[in-house]
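Structures given as structure tokens follow.
After this come two complexes, each holding chain A, first together with chain B and then together with chain C.
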Partner chain A sequence: MELKFDNLTKEFGNFTAVDHLNLTMTKGVYGLLGVNGAGKTTLMRMLCTLLKPTEGRITCDGKDIFEMDGEYRKVLGYLPQDFGFYPEFTVKDYLLYISTLKGIPPAAARKRVKDMILKVGLSKAANKKMKKLSGGMKRRVGIAQAMLNNPKILVLDEPTAGLDPNERIRFRNLISELSEERLVLLSTHIVSDIEYIANEIWLMKDGKLMHKGRAEELIHSMEENVWECFVEKDLVSSFVKRYKISNMKSEMGGVTLRIISREKPFENAVQAEPTLEDVFLYYFGEKAGDGNGAV
Partner chain B sequence: MSLEKQLRDYKKIREISPRENEILETVRKSGEAFFASEQDKVLSYHEFLWLQLKVVRKRWWVLQLILLFVLGGVLLAAQEDKYIQRSMGVAATLFVILIIPEFWKNRSCRALEVEAVSFYSLRQIYAARMMLFGIADTFLLTLFCGSVSFSLGVAFKELLVQFLFPLCVTACICFGTLCSRHILQEAVAVGLCILWSGVWLLIILNEHIYTNITLPVWAFLWGLALVSLFAALYRVLAGCNKYWEVSLDGIEI
Partner chain C sequence: MVRFELKKVFSRFKNKMAVVILCVLMIVVSLLTMNRVYYTDENGNHTSGMQAAKSLREEKNQWRGYVTDKVLKKVLKEREEIYQTKEVLSEENTKEQDKAYAKTQGISSIVEMINTAFSPWRDYDGFAIDRISPEEAARVYERRISNLKEWLDSGEEYFPEGQKEFLIRQYETLETPFYYEYYEGWSALLQNISTFLLMLALIIGFLVSGIFSDEFVTKADSIFFSTKAGRNRAIVSKIKAGFFIVTGFYVVFVMLYTFIVLFALGMEGAGCPIQWDMWRSVYHVTFFEGYLFIVAGGYVGTLFASALAMIVSAAVHSTAAAVIMPFMVLCAFPFLSRIITLPGMCSFFPDQLLDIYNSLKESVLVEIGGKVMDTAGVILPVYLFASGVLFPVLYLIYKRAEVK
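== the complex of A and B ==
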């Protein structure tokens, strides 16, 4: 299966949310990284046929997805950022209801629902009402509903938002497991989620693709270095004004700073191994740090 | 050796003791084969409609039925009071308001996005719900109008003007609000319906206005309401896939 964005553009009035994207996706996990308002959700909504492009098109194996209509949605699974559900339904009933919408016949739906409940670890909560579930459990129901039709294309918009660290790790592993034999597009602004499971990372800013590649490739694409230094507390504000600070750690008598800079920022600074979080700050620093470069 | 003994021996020789494991394996494989063949099939639209019927909460139909019973009882108790007859419009508004929670369910629960990317589109989901509610409500209203007309002798013209016309206008308001691209709350629709109900009461209880509106005018208004209702229904179906066109990452622009 091959998905292709061909000169894809989406405008809302005078605002361009997605700006002339040309990309191709095949099997694997694609991580979409960008600050809020970068156009990630708009791109995903177009991929899910919720929004029509202003210009350009998306093709699936050469066919326009909007012309494919139900045929395309049959192979699509989607977990929206704001996952809505019917609170009075039990987990099982909700999944059976979504199976109906996905056109799965009742017998196959019952089996599939049972399998998915088991897969996402909700066996004990299968007969619980949706409104009684914790945030993590709801997200798991969300991924289960997206997987009901065994989709070839899985689109996950901020799937780990609001989850505690344990749940996030579980969720990441689950996505990784589900990503075999399908195309997964995962959007988040939690860098570590993408770092672990994405085969290819796309960095998006102002609707445009800034960079794409594997985590290591993106790290190497940085034209600045990462430094670590211990400074007195009084000096921190002057460093924040001058450099992009990716981390600050208060310690006895001072602060350890992680600085992104081409030159050595301080005499005692030691060069450190860059991470994807540093890459994120390097590309999106201004927005991420409210203008002062700090995260 | 008698034939009987021979047969018994033969039966003993031919007796097969089934192995439990093999039976279970056969059952499992049959199940898998059945599941595999079912998975390739797609739910037909009438099956989809039937399953939608199972999902729709029947409590709203029960409440509609109770409302019509109460209205019938009130009309029976006040046969001679023409003002009470004219106040049927209030009940008509309530009758329509009762369908709002079920129709607005996917909007108020923010389940639109998940539903819209399914094999059966949002348009088909709304069409199914409209059809189900249409059938149920037409049945209830026919039953009510028929019984009131027969037992109380209320003329069809009166029912048309005092009950079905305000009902139709209320339905227009509801579906008009529902088809708005801006996600309006259920409360907005209910509020507009109640407002309309107040306006209607002012018109209908004012002898001067009521008596001056002639039958052709009522017929014209009734026809207009009906056309508007169909237009609103069409707009819901045509525009339901454009709900996301007004917002960017949840922010309306």
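== the complex of A and C ==
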């Protein structure tokens, strides 16, 4: 299976949310990284046929996905960023309804729903109303509904947003487990989510693709170095003004700074191993904090 | 899939409340309707409701049959005998008058028919019967036609030649003599049914107004439209659910209301001509046929208003905007007509579908392609067709919806 963005553009009035994207995806996990407003959600909505492109097209094995209509959506699973539900439905009813929408025959749907409830660890909540579920449980129902039709294309928009650290790790592992043998596009602005599970990472800014590659490739693409140094508290503000600071840690008598800079910023600074978070700050620094501030 | 759509509608608290309110309204309107039948006993005491209906039925059914010349003469004689005593004729002695009236209840509708026939066209003279001979009374059916002709010739209201001919033809071809029996159950049912149908249509419109917009309101739209059936079969299911709610609720509640009223007031009289209640009606229908016409009009009006509500719901993604639609379609014009004089074309507006009762009573005629007909007879098929067109439009609007 090959998904291709061909000169893909989406404009809302004068605002260009996605700007002439040309990309190809095959099997594997693709991590879409960018700050809020980068165009990630718009791109995903077009991929899920929720929005029509202003220009260009998306093809699946050479066919336009909008012309394929239901045939394309048959192989699609989608977990939106801010997904709604029917508050009075139980988890089981909700999943059975989505199964029907996905065209799964009733008998198979009942079995699949049971399996998915088990897989996402919601057996005890199967008969609970959706409105009674916690945020984490709702996300798990969300991933269950996306997986009901065993999709070949899985689109996950900010799947870990709003989850506590425990839930996030559990959820990340679940996605990793589910991503075998399919094409997964995972969008987030939480760098660590992608670092662990994505085979290829796309960095998106202002609707355009800035960089793509594996985590190591992106790290090596940085043209600046990462430094760590311990400075007095009084000096922090002058460093923040001059450098991109990827981390600050207050300690007794001062602050440990993680600085992205071509040159050594301070005499006592020690060069550190760059991470994907440093890459994120390097590319999106302006929007990551205040001016060249911290992540 | 339709089952889930229905479940979505009826799992919402506001919709459950709407159904409860509808049940309460039905009971209230049924009780009010039942109290439309009055009876005065031999002591001059008035009652209403089920017991009154039972007594009145016994009285009236003694005169059951065709109201021929012979019967008309007999009615006049019977009435004369009752009203000849001094006590009854005394204007101060109302109790005695009530007692006398109690004896005439069996023939009260025939007396009213004679009074109407011998009154000026737009008036009712309750004493007209006192001034006519039995021979004159026997010409009551001819009098109906001659009254119409006189009124048309007077030029009080303008009618084109075609419409005049239509009216006269309808009057002349009405089958006489009229069949008579107790019909008050049907009469009461028809008098209140328009109010009930309007309330029913508004509540049904409320129930269906969220079917399409709630996907957006609850933010379930993204998942809905990204599924295989989201832009085809699922939309058809939503339309089916809307149609089933409109049809199901309409049929069930109209039948319940009819059953309650007729069970309490009696089913006899279904075959009597509607002219017993609507002397000037141009329709050749019985009470039962008139009922069917009113109910059919109400259904088409409800279907049309609900389809519009669903279209607004699908187009603007707002349940609140959709709820307003049935009110606009069914209530705005009757309300405006009380404030300002609306042009004649307002007789073609959909609110008229829920007021077929008044169309049966006083027709607004229209000439289309040289053929004269009543507007009610025109708007019913027109809006039925329009409703049929709205559903494919609804499908296309929702199919093209984008999630922004």
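In this section, the second predicted complex is superposed on the first by the 294 of 295 C-alpha atoms of A that agree within 3 Å, B and C clash if a C-alpha of one lies under 4 Å from a C-alpha of the other, contacts with A are read in each partner's own complex, and residues count from 1 in each chain.
Quick note on the criterion: contacts are C-beta pairs under 8 Å (C-beta built on N, C-alpha and C of every residue); 3 or more make two chains touch, one makes a residue touch a chain.
Quantities reported herein were computed from a predicted structural model and do not represent experimental measurements.
Asker: Superpose on chain A as described above, then tell me if chain B and chain C fit or clash.
Answerer: clash
Asker: Please name the chain, chain B or chain C, that touches the greater number of residues in chain A.
Answerer: More residues of chain A are touched by B.
Asker: Looking at the overlay, does A:45 come into contact with chain B only (first), chain C only (second), both, or neither?
Answerer: After superposing on A, A:45 lies in contact with both chain B and chain C.
Asker: With both complexes superposed on chain A, which partner does A:17 reach: first (chain B), second (chain C), both or neither?
Answerer: first
Asker: Under the stated touch criterion, which partner chain does A:219 make contact with: chain B (first), chain C (second), both, or neither?
Answerer: In the superposed model, A:219 contacts neither chain B nor chain C.
Asker: Using the touch definition from the top, say if A:37 reaches chain B (first), chain C (second), both or neither.
Answerer: In the superposition, A:37 contacts chain B only.
Asker: Is A:8 touching the first partner chain B, the second partner chain C, both, or neither of them?
Answerer: In the superposition, A:8 touches no partner, neither chain B nor chain C.
Asker: Answer with first, second, both or neither: which of chain B and chain C does A:111 touch in the superposed model?
Answerer: The first partner, chain B, only.
Asker: Determine, for the stretches 79-87, 115-123, 259-267 or 349-357 of chain C, which one clashes with chain B when the structures are superposed.
Answerer: 349-357
Asker: Can you list the residues of chain A that meet both chain B and chain C?
Answerer: 12, 45, 48-52, 69-70, 73-74, 76, 78, 80, 82-87, 97-98, 100-103, 145, 149
Asker: Given the complex with chain A, which residues does chain C contribute to the contact?
Answerer: For this pair, the touching residues of chain C are 1, 4, 7-8, 11-12, 218-234, 402-404.
Asker: Touching chain A in the complex: which residues of chain B?
Answerer: Against chain A, chain B makes touches at 34-35, 38-39, 41-43, 47-48, 51-52, 55, 105-106, 109-121, 125, 241, 244-246, 248-250, 253.
Asker: Once bound in the complex, which stretches of chain A touch chain C?
Answerer: Touching chain C from chain A are residues 12, 45, 48-52, 69-70, 73-74, 76, 78, 80, 82-89, 93, 96-98, 100-103, 145, 149.
Asker: Give the list of chain A residues in touch with chain B in this complex.
Answerer: Contacts found on chain A: 12-13, 15, 17, 36-37, 40-42, 45, 48-52, 69-70, 73-74, 76, 78, 80-87, 97-98, 100-108, 111-112, 145, 149-150.
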